[in-house]
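Look for chain A in each of the two complexes below; its partner is chain B in the first and chain C in the second.
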Partner chain A sequence: MITKKINKKDIRKLLMTWNQEFSVIVPTRERGVAEMVRWDNNDISFLDWYRNTVIAPKACFLPQSEVMISFQKKETGYKIEVPRDEHKQIIFGIRPCDARAITIIDQVFADIYDDYYYASKRRNTLLLGLSCSNPYDSCFCTSSNVNPAESEDVDLMFTDIGDEYVIEELTSGGKALLNMSNMIKKVTKADVNRAKEMKAASVEKLKKRVDTKDIEGRLRSCFNDRDLWERVAAKCISCGICTFLCPTCFCFDINDEMIHKHGARYRGWDSCSFRSYTKMPMENPREEKWRRVRQRVCHKFEFYPINLGINACTGCGRCIRLCPVNWDITQVISSLPADISMHSS
Partner chain B sequence: MTITQIKQNKKGLALDGNVYLPRIMVIDRIIEETPNVRTIHFHFKDTKLNKEFTFDSGQFAELSIFGVGEATFCISSSPTRKDHLECGINRVGLVTNALHRLGVGAEIGFRGPYGNHFPLDLMQDKNLVFIGGGIGLAPLRSLIWNVLDSRNKYAKIDIIYGARSVSDLCFKYDLDTWESDKTLNTVITVDKGDGKWTGKQGFVSEVLQDVAPSCSNTIAVVCGPPVMIRSTFPVLENLGFTPDQVITTLEKRMKCGIGKCGRCNIGNLYVCRDGPVFTYSQIREFISDEY
Partner chain C sequence: MEKELRQEAGKLLDDGTVDCIIGFAPGSLKFTTTPLIIEDVGELNNLIVNRFINNNLAKYLLEVTGRVGIIAKGCDSRSIVSLIQDKQITRQDIVILGIPCSGLIDLKKVEKLLAKERDEINDIVVVADKVSITAAGEKREVALSSVLFEHCLGCELQIPKEYDLLIQGPAAEICNYEVSRKHIKELKKMSPDQRWAYWREQFGHCIRCYACRQVCPACFCERCFVEESQPRWVSPVSQWQDNLIFQAIRNIHVAGRCTDCGECERVCPVNIPLRSLSKEMYDLVEEMFNYKTGMDVNAPSLMTAYELEEVEGLIR
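For the complex of A and B:
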């Protein structure tokens, strides 16, 4: 892999260069909540305070609310318009857990039909990763096959080595970005070694672990254990915050609004935590809370592996950090009994 | 016979590569079936699409009223009859109530067709038993007319249809036609008849037991409310049907119709993407009982 570096004090200039051709998106404290937002072409203080965003970067491709079509009622019938969004963007500072999450949900939005709105933003976006040097206590990415300091899910990977960032080129798109700037320098052997040390130190900082071995089979064998799921779900208040903040939760709702003759069809995040999510006029397959909690756990760790061969949890820890009742997915997984089918034969 | 998976979906129209973009349809006829169910007939406003559009029996579509929203409906007309499309609308929610307020000439949005379909190819030369309940006749009648339009490709045909009351019987004009068709055995029942009802009384599952169609070289197709489906499976098993010989179509709350919005899953399967048509043997293998 080709590796380069840049001095930290040149980062602002680098982002400014890119910001002329791309929309540069960086971690920003919007209304007190850290999320990926269009850069103001100036402030790089996030390099000091940023650990991870509260709102996962999936929001850059699947916004909390977006217009799908707008329509107008005319004499001759309805006229429909689709918002065009083809601008190129760079997300700078994405963490390896969240970059993996994008790779995971890419598969959903490309399955059978391309999702027009997700795909048009995704194909015009480059992901620039930033090694995690200060993970939260609730982070457990190393248990989810994610390395906090390495990523193959990004175009460029930045690692802090003190006064400089070492930059790994992972794609031709990333390489082209580096070619736009004359502030990119060659690395020395010492730089590469220093980056290795920093990366190893990052991994060391991840203390929280969860054993996901046989998780698919373990969930399968306790799927119908209602008592277990009622215990697991007992303190959940179905607020849905875990799903809204989860980097791999992608469920959405579609709704219309119309005032006089002008209207729009929106989609917005929805959540399997909500009773209304599956409610039909005559019945509701997930009326009970334990079924909804089971759905969330099993979707990540059982259904996803069956359908796509990968756990849909990247260990970012948001659902633990931000849960109002301290529900902890790692405790749930650890408390599951062993896979019965493995012992019965 | 083994149907491991029913696949080969006809894909939905994607205008400008955008599968969510609805086509405009114009309602050209409305039939009030029951106090709560109406059938709307509609065609593409862009008339050349009326010829281009194809679908298979069992597939569904997202209909929308602009400003109100989208909802999921199976296409209840047969693909063999191409001049228009039909959907049966049961008045239960926001969109269906709004659809009940529309008149002829109104414009609605249409996305589809989505989902898989009934396996017509596997039904050839077989005896067929169609079992329907209430509005569940909507997807079934698409298949029945499809089959009847090539009647000589199939062997004996039984149609068993029931509703809660006489006034809840849908598609009465079809029922009349099928009852007078000597190549079919059509049995209609209501849970409880009114004074004038001379036909059978009782649940569909009970009438099925009385009719007792032979399971030999036969496929049964069951469409109706979940309670009817669940009570019919054991009766069919008693009659000797194997789970592979029983096909049904499931209904769930849906938004996208294409396996992305998440809500219609039963275990790892999405009803919109992997169904809505399933064999009973597939259903028995479902991870979850949430159907």
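For the complex of A and C:
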């Protein structure tokens, strides 16, 4: 892999260069909580405080609410407009867990099915990763096959080595970005070694672990154990925090709004934690709380592996850190009994 | 306090007085706790009391069946009483294990004070009216009142009034009504236009996760108005206008039921200062009706008790 570097004091200039051709998206906590928003072409203080965002970067592709079509009632029929979002963007500073999450959502919205709204934004976006140097105590990415300091899910990967960032080029798109600037330098052997050390140190810092071995089988064999799931779900309050802040949850609801003769069809986040989930088309098949909690766990760790060959939890820990009742998915996974079918065979 | 609590809870489970105990256990992360619902005496050692027992456990009484023993701080006890007043739960089904409370620590305040996040803090120790906080090898001592939740500073019931068993322990004087309304005072200084702009901005952040509603014991509706589609009161699309209307109606619905436990604000993942709305409503209820929620289990519920002599013709 081709590796380059840049001095930290040149980052602002680099982002400014890119910001002329792309919308540069960076972490900010301007509005009180950390999220990814359009860069103001100036402030790079996030490099000092940023650990991870509260709102996951999925919001750049699946916004909390977006217009699918807008319409106007005419004398005969409707005049309908479909928004086009073709602007090119760069997400700078995405963490490896969240970058993996985008790859996971891509499977649903861009690979299996080409979702116009998601895919048009996704196709025009480059992901620039930033190695984690200070993970939260709720982070457990190493248990989800994510390395906090490495990523194959990005176009460029930045690693802090002190006064400089070492940059790995992972795609041609990333390479083209680096070619836009004359501040990119060659790396020395010492830089590469330093980056290696920093990466190893990041992995070391991740203390929270969960054993996901045989998880699909373990979940399959206890699927009908109502007592177990009732216990697991007991303290859940059925809010939408874990699903809305999860970097891989993508459920949505569609609503039409019309005032006078103007209206729009909106798509917005929905959550399988809600009792009203899927009430619009029919009924919620998961009326009881334990069924909804089971759904969330099984979707991440059983259905995803079976259908798409990957577990849909990247260990970002948001659902643990921000849960009002400290419902901890790692404790739930650990408490599941062994796969009975394996013992009997 | 913990030892006595475990003993008493154990007795209740042992002699079959209750089917389960609802209390607090250590959380999986530093300075966190988690609700504990146990049927087995073997798990009693997990039962704890500390400065981080945030959740208003009264919420679980709406779900858990059978005879229930519940650990209750003053504020929780008020919510329990309010639920009894509203006939959502039956007094006979509940054994209240009251605990005195000297205020809970607001981690967001500690984080702000130290410019560090929760997991970067090593230790928080309360000694009398001081807290010593250690982070990154440095020890800092601050006044306890500077890191208590604002709703704790406005607490009107540090020792539960309604209980079956009161665990003995300290309840140091913590009240500071002025500070507990500090943010409301700032909002009131604004012009209506400024205030409107402020809330417009705040509700622009709302992600409609409904955590505020879900943690609130006063929100006990089987079906929330937000989920009604015929007629539709609020759009399910997250827009500041509808987000604000949702919260405004929620506040009106919990008027006379809100005990200022502060949970709505604590759990909000996007830090909307929701208590500034609920506390204002709480004070208005007192001012208009001379009524304090959850203080008297025999008092009629403010909003749902009617008499034949009511002035309002609508309900006669």
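Note that in this section the second predicted complex is superposed on the first by the 336 of 345 C-alpha atoms of A that agree within 3 Å, B and C clash if a C-alpha of one lies under 4 Å from a C-alpha of the other, contacts with A are read in each partner's own complex, and residues count from 1 in each chain.
The rule we apply is simple: a contact is a pair of C-beta atoms (placed from the backbone, for glycine too) under 8 Å apart; a residue touches a chain by one contact, two chains touch by 3 or more.
It should be emphasised that the depicted structure is a prediction, and the values quoted were computed from it without experimental measurement.
Enquirer: Is A:Ile241 contacted by the first partner chain B, the second partner chain C, both or neither?
Expert: After superposing on A, A:Ile241 lies in contact with chain C but is clear of chain B.
Enquirer: A:Arg220 contacts which: chain B (first), chain C (second), both, neither?
Expert: first
Enquirer: Using the touch definition from the top, say if A:Ile2 reaches chain B (first), chain C (second), both or neither.
Expert: Once the two structures are laid over each other on A, A:Ile2 reaches no partner at all.
Enquirer: Pick one for A:Met282: touches chain B only (first), chain C only (second), both, or neither.
Expert: So A:Met282 only meets chain B here.
Enquirer: According to the stated criteria, A:Ala176 is in contact with first (chain B), second (chain C), both, or neither; which is it?
Expert: neither
Enquirer: Going by the contact rule set out at the top, does A:Ile112 touch chain B (first), chain C (second), both, or neither?
Expert: After superposing on A, A:Ile112 lies in contact with chain B but is clear of chain C.
Enquirer: Looking at A:Glu302, would you say it contacts chain B, chain C, both, or neither? Reply first, second, both or neither.
Expert: In the superposition, A:Glu302 touches chain B alone.
Enquirer: Who does A:Asn255 touch here: chain B (first), chain C (second), both, or neither?
Expert: A:Asn255: touches chain B and chain C.
Enquirer: Could you look at A:Ala201 and tell me whether it touches chain B, chain C, both or neither (first, second, both, neither)?
Expert: The answer is neither, since A:Ala201 touches no partner chain.
Enquirer: Shared contact residues on chain A for chain B and chain C?
Expert: 253, 255, 257, 279-280
Enquirer: For a test of understanding, state which residues of chain C touch chain A in their complex under the given definition.
Expert: 27-30, 32-37, 55, 59-60, 63-64, 117, 119, 201, 204-205, 207-211, 213-215, 227, 229, 235-239, 263, 266-267, 269-271
Enquirer: Can you list the chain A residues touching chain B in their complex?
Expert: Chain A residues touching chain B: 68-69, 71, 73, 77-78, 80, 82, 108-109, 111-117, 220, 223-224, 250-258, 263, 265, 270, 272, 277-283, 285-286, 291, 295, 298-299, 302-303, 306-307.
Enquirer: Under the touch definition given earlier, write down the residues of chain B that touch chain A in their complex.
Expert: Residue list for chain B touching chain A: 11-12, 14, 16-22, 24, 45, 64-70, 92-93, 107, 109, 225-226, 251-253, 255-256, 258-268, 273, 287-291.
Enquirer: Mind pulling up the chain A residues that touch chain C in the complex?
Expert: Touch list, chain A to chain C: 31-33, 51, 54-55, 64-65, 136-138, 234-235, 237-241, 244-245, 253, 255, 257, 266, 268-269, 271, 274, 276, 279-280, 289, 320-322, 324-328, 330-331.
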